[in-house]
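Read through the structure below, which is laid out as structure tokens, and then see the notes.
For reference, chains read A, B, C and D in written order, and residue numbers begin at 1 within each chain.
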Amino acid sequence: MRDMVEIGMGKVAQRGYHLDDIAIVPTRRTRDFDDVSTSWQLDAYPFKIPCVAHPSDATMSPTTAVALGRLGGLGVLNVEGLWCRYEDPTPVLQELSALADDEPTTPTLQRLYAEPIKPELIVERVKEIRDAGVTVSVRVSPQHTLALAPVILDAGVDILVIQGTVVSAEHVSTVDEPLNLKEFIADLDLPVIVGGCTNYQTALHLMRTGAAGVIVGIGADEWSTTDRVLGIRVPMASAIADAAAARRDYLDETGGRYVHLIADGNMQTSGDIAKALGCGADAVMLGEPLSRCADAPAGGAWWVSAASHPKLPRGSFGTAEEPIGTMERVLYGPSDDPDGVPNLFGALKRAMAKCGYRDLKEFQKVGLLLDR
Amino acid sequence: MRDMVEIGMGKVAQRGYHLDDIAIVPTRRTRDFDDVSTSWQLDAYPFKIPCVAHPSDATMSPTTAVALGRLGGLGVLNVEGLWCRYEDPTPVLQELSALADDEPTTPTLQRLYAEPIKPELIVERVKEIRDAGVTVSVRVSPQHTLALAPVILDAGVDILVIQGTVVSAEHVSTVDEPLNLKEFIADLDLPVIVGGCTNYQTALHLMRTGAAGVIVGIGADEWSTTDRVLGIRVPMASAIADAAAARRDYLDETGGRYVHLIADGNMQTSGDIAKALGCGADAVMLGEPLSRCADAPAGGAWWVSAASHPKLPRGSFGTAEEPIGTMERVLYGPSDDPDGVPNLFGALKRAMAKCGYRDLKEFQKVGLLLDR
Amino acid sequence: MRDMVEIGMGKVAQRGYHLDDIAIVPTRRTRDFDDVSTSWQLDAYPFKIPCVAHPSDATMSPTTAVALGRLGGLGVLNVEGLWCRYEDPTPVLQELSALADDEPTTPTLQRLYAEPIKPELIVERVKEIRDAGVTVSVRVSPQHTLALAPVILDAGVDILVIQGTVVSAEHVSTVDEPLNLKEFIADLDLPVIVGGCTNYQTALHLMRTGAAGVIVGIGADEWSTTDRVLGIRVPMASAIADAAAARRDYLDETGGRYVHLIADGNMQTSGDIAKALGCGADAVMLGEPLSRCADAPAGGAWWVSAASHPKLPRGSFGTAEEPIGTMERVLYGPSDDPDGVPNLFGALKRAMAKCGYRDLKEFQKVGLLLDR
Amino acid sequence: MRDMVEIGMGKVAQRGYHLDDIAIVPTRRTRDFDDVSTSWQLDAYPFKIPCVAHPSDATMSPTTAVALGRLGGLGVLNVEGLWCRYEDPTPVLQELSALADDEPTTPTLQRLYAEPIKPELIVERVKEIRDAGVTVSVRVSPQHTLALAPVILDAGVDILVIQGTVVSAEHVSTVDEPLNLKEFIADLDLPVIVGGCTNYQTALHLMRTGAAGVIVGIGADEWSTTDRVLGIRVPMASAIADAAAARRDYLDETGGRYVHLIADGNMQTSGDIAKALGCGADAVMLGEPLSRCADAPAGGAWWVSAASHPKLPRGSFGTAEEPIGTMERVLYGPSDDPDGVPNLFGALKRAMAKCGYRDLKEFQKVGLLLDR
């Protein structure tokens, strides 16, 4: 366990480190770029790059989910998003794309997301992705999992993502019958990714639900305001490393079940991705960078699910910015911008080569440096 | 005792941590929002939320004190403020509300507060609050306590707040007969809240005066300049935790007297409130957020008492900003702004739910995280 | 000795703390403002406040040196400054006062200081100060001490200040005959203040030269660029505390010689002054705040000696700003600005009262707090 | 070995310190400026100042390489730069010099560097430098070393610089036959400087290749984006000190081979140079400051090699700024700017004098201070 600091008499806090605090360190060996692989596999599904889409309506439409799948990543559509609330969400997305900084953006989001979810649209959207022949994945919140699962499963998804800001394996309620993740996952015969979580203990408990993957982090990037609103903040370097310790302990306790860690939080440059994987993540969940592909659903605008909460929004709306390039260029380059995007995964490969590593599992052992 | 650092040979300093340095940490359990309670009780007075008004003229008029009481918090009127200096303070408040950033704001404050305090107005203002049927509380400074106490007590208050920037249990003077807090409080039969204080020892001594509540912190927010002027700065996370240790020790030493801690300093978002309570406070003293309610006395302007000091002002005047919404909305939402206000106590409840806690006393045990 | 950190294998650095890093801490006792004294005495010369002028032409003319003396501080005229280079420096000071930010300020300084020092002007200026009946003090650099000392001593000064950026007790030269401070001071029968120095060892060696006072720090404030130019930076809190340890050790080694510490570096607010004294200084050397008195020589412009160096200037020129008020008001108030100036020493007195101390020597024991 | 920090359970990071984090500390002795020497010698080549040019086209043309040599430093021409791609690079350099901030600078760099390298131009450029009678040095990347070495060696250089962002002694490839540095250097009879490297182990392995000098750092300054793109960041103070430990260990292991350390990264002021040498470097590699000499090839524009990478640029283009002065003035002054340049090596000499050191090797022992 890392440093505990006594912030006052008898009250301790645990130190946490952010990705910005650290860097990866080259070793005495370098490796040829073409000898490096960034491939990743979750359950039976192989991916060319360790890239899962953050299921925001700003990144994922059925079309972009397919595009990401074809490019070697995992697209995830949010079944509680605009595509499953509106028969034709195009005008809604255009309205969001056209919002300016001096307009009331959060109230607009709240109004547009007040439209009810329509189960028949879930079926339709899933079919559209499945028909394209890529791995099909959708996201549902823990609160709606029991209600929407039958529709989702019937529609035919490959990987189910159950994601809330903070998800625990033990939700206590005297009001509703809460979702029992362990029983729910045991009854399914498809891999489930569940999260986010922020520490060792929660990660371990989520692994014990039978999940194939656990999301580490709460998707907090520079647009997130979870810290200001709830007082909750996740230092991703520490959260990933702690969850990786849970992965090792669970591997031992089960005699070999390997649960994948998907890091979700402030991954905006290729350097961030390299650091997250170097801390022990198996894959990263990308949000904002995908929202800035030429073909992104909301034309460059960016927001997370919590930003549209009807009573307590917890994320700023990022008004549309110029697209960076096609999704292929954002992921694989070439780049003509030195700022860490595009060419996110070409850069990852080069970072691995310069540090002397051949594949992602090896790269989790890369040395780390902490400023000061 | 926490870290002592040798800043030079033989000279040590104690490390202190601010609320911004820390965050609260979810546990492996989450809880239903509707199962969470934010109720608080001081002596015989129950409150729906752990919210005490900072007794600034920018937040508290007789009307807003009543409004806060009806909404479940504790309003506190400053008997040394404008309402007890002017028969009709409305034009004065309007003048302050209309001040612009390029005008000399501090000299205006100094001029307006030069008007003498009128005891008969204290009686009138207290009556106005009492007649509304809410818990009545007023603030007086230690220097004026002996002189004004008879008037205040006759007027009929429920809870007396004796508050200066820094208050000690042992004020030494060869000039005046100083206020002996212990004797003064022993003679009263109403609960007294006293402060501010900044460390374990002073908190403990203030508890021993018989106070029902102790104010931790000196109300320093981003408008405060106490650090620049006096070299005094209070890291609230540490100050609250240290005072909580004093509360435990005093509980033990008295065999059960529980003194409440009211945190006063830089509480501007719901995240700040959650952190302060997580460090061990029983309630928070809110200033600037209350000054921005639609019905605030000075139309959105904000200043603390020390800002009007005739010789050594120690706080900047914040010129009027747009109101955020009604007091009810500021406290309970709904919010359409993701920046941590409004919906201060709805957000607190949600933070408690996400961390798995049922009530405020339990929540004082929430895990803390320290950046780096 | 405080924390040594290994910054690389086998290479250590000593941690240093700046005044901004720390704050002073109230105790369980407070004290009446009128019971507090800020008086200070150096050798036979008593002062109402522990205030020595930084001998810049921007702060000290014969007139302002007298004014400061009458107000209870110690004025120090620079015998290598403009008043001893020009018969009538008024037009020169006016030129500097009128300089704008977009003009080449450093070349102007260099040109104006190229005028030779005129010994007869030293005599005249000293006479002017002495005739006013205040304590007379001038500053000379170590390089010019041997040449100018006869003139200075003949002119009749009370306290001699030998000040360079960094002064050591052992200057080695194969080129010139260096100043032997120990012999030089032994031959004088007036008190000498010498510095700046930055650490325990140099402070101790300077004390052993027989100096009555040692300057701690190199006068670096926000206009200083010594760090960028020379790589030298002085964390004042640590430097003062280390020098105070040297003072204690020297007191012991001599069986009672008390050498005063005058802190010189980034003292811009009353809070800074309180912190410097709380770290162990006996007095502070004030620069920029004095340059902004209504009657300052250069009308509000500010620069240090090193800023006019002909080949390697090490300080930015601060163009003239609005005066804050008369010197009396800057030192004693009243203030109508909450930013830590004016009323520098009224604020110090109040800080001492709030922390419960009666005099400056006691106040050197005030508790310190370190952020994080 | 310095502090290892557990950033998460079972995952450690090593603390690293930047030059900005530290300062050099004067001792109890000062020394006469004229008694200080900044001379340096690499193999048989003596230099008046420890200054090696960063081989960017923004700093080095054949003309400026000669000028630097005549002024006592080491000029290094990049054989993969514009001078060896274009018969007459003048129009190309003018185009870069004229680029404005709102133009697409990186694409322009990429386009201009797409022109192939012409071996005959290498011969011509080297001849031009050699004919001027100064020490001749060129830079080649590890990837092109085997192909270009014959041309370079025939052309007649004195010192060969093999430099890539990160160079290791063991490059692994299943695709190409990699450069074996040890064999390559053994076969040469001229001194080789090789790097950059970032830690003890790589430095030691590079020393064992037989190199005369090792470059520490990756040339990252404020225009570099290696951290954002690759997640790699080099805290120079720690990297230099670690490499100095490797130098000591290699000296011991070989019974006396002294390998010189050339620090390359964020050396922009004379203060930075003093700190790098104080950490243990033998010389510094200067980039941006040289690009701002009056006679710099690209008229004040600045970029590093990696900034023109065709697929993954890792450095911003700095558009042309006003020249600071002639190269002589940048190196030796006089200065009329207090910001740490010009007069880079006059300032170094003064810093050494103020800290009491006579020569560079002694100065490597200067005390260091770490903020906080």
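Here, contacts are C-beta pairs under 8 Å (C-beta built on N, C-alpha and C of every residue); 3 or more make two chains touch, one makes a residue touch a chain.
Everything quoted here is computed from the prediction, not taken from an experiment.
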Fraction-based call for chain B against chain A, same above half, different below: different
Turn needed to bring chain A onto chain D - CA fit, degrees, nearest 5: 90
Gap in Å, rounded to a whole number, between the CA centres of chain B and chain A: 40
Approximate Å spacing (C-alpha centroids) for the pair chain B, chain D: 57
Per-residue multi-chain contacts in chain D, two or more chains: 17, 21
Topology of the chain contact graph, where touching chains are joined (line, ring, star, complete, other): ring
Chain A-touching residues of chain D, taken from the complex the two chains share: 5-18, 21, 104, 106-107, 110, 165-176, 178, 197-199, 201-202, 205, 225, 227-233, 235, 307, 310-316
Residue ranges of chain B in contact with chain A within the complex: 1-3, 17, 21-32, 34-35, 200, 237-242, 244-245, 248, 269-275, 278-280, 333-340, 343, 346-347, 350-351, 354-356, 367-372
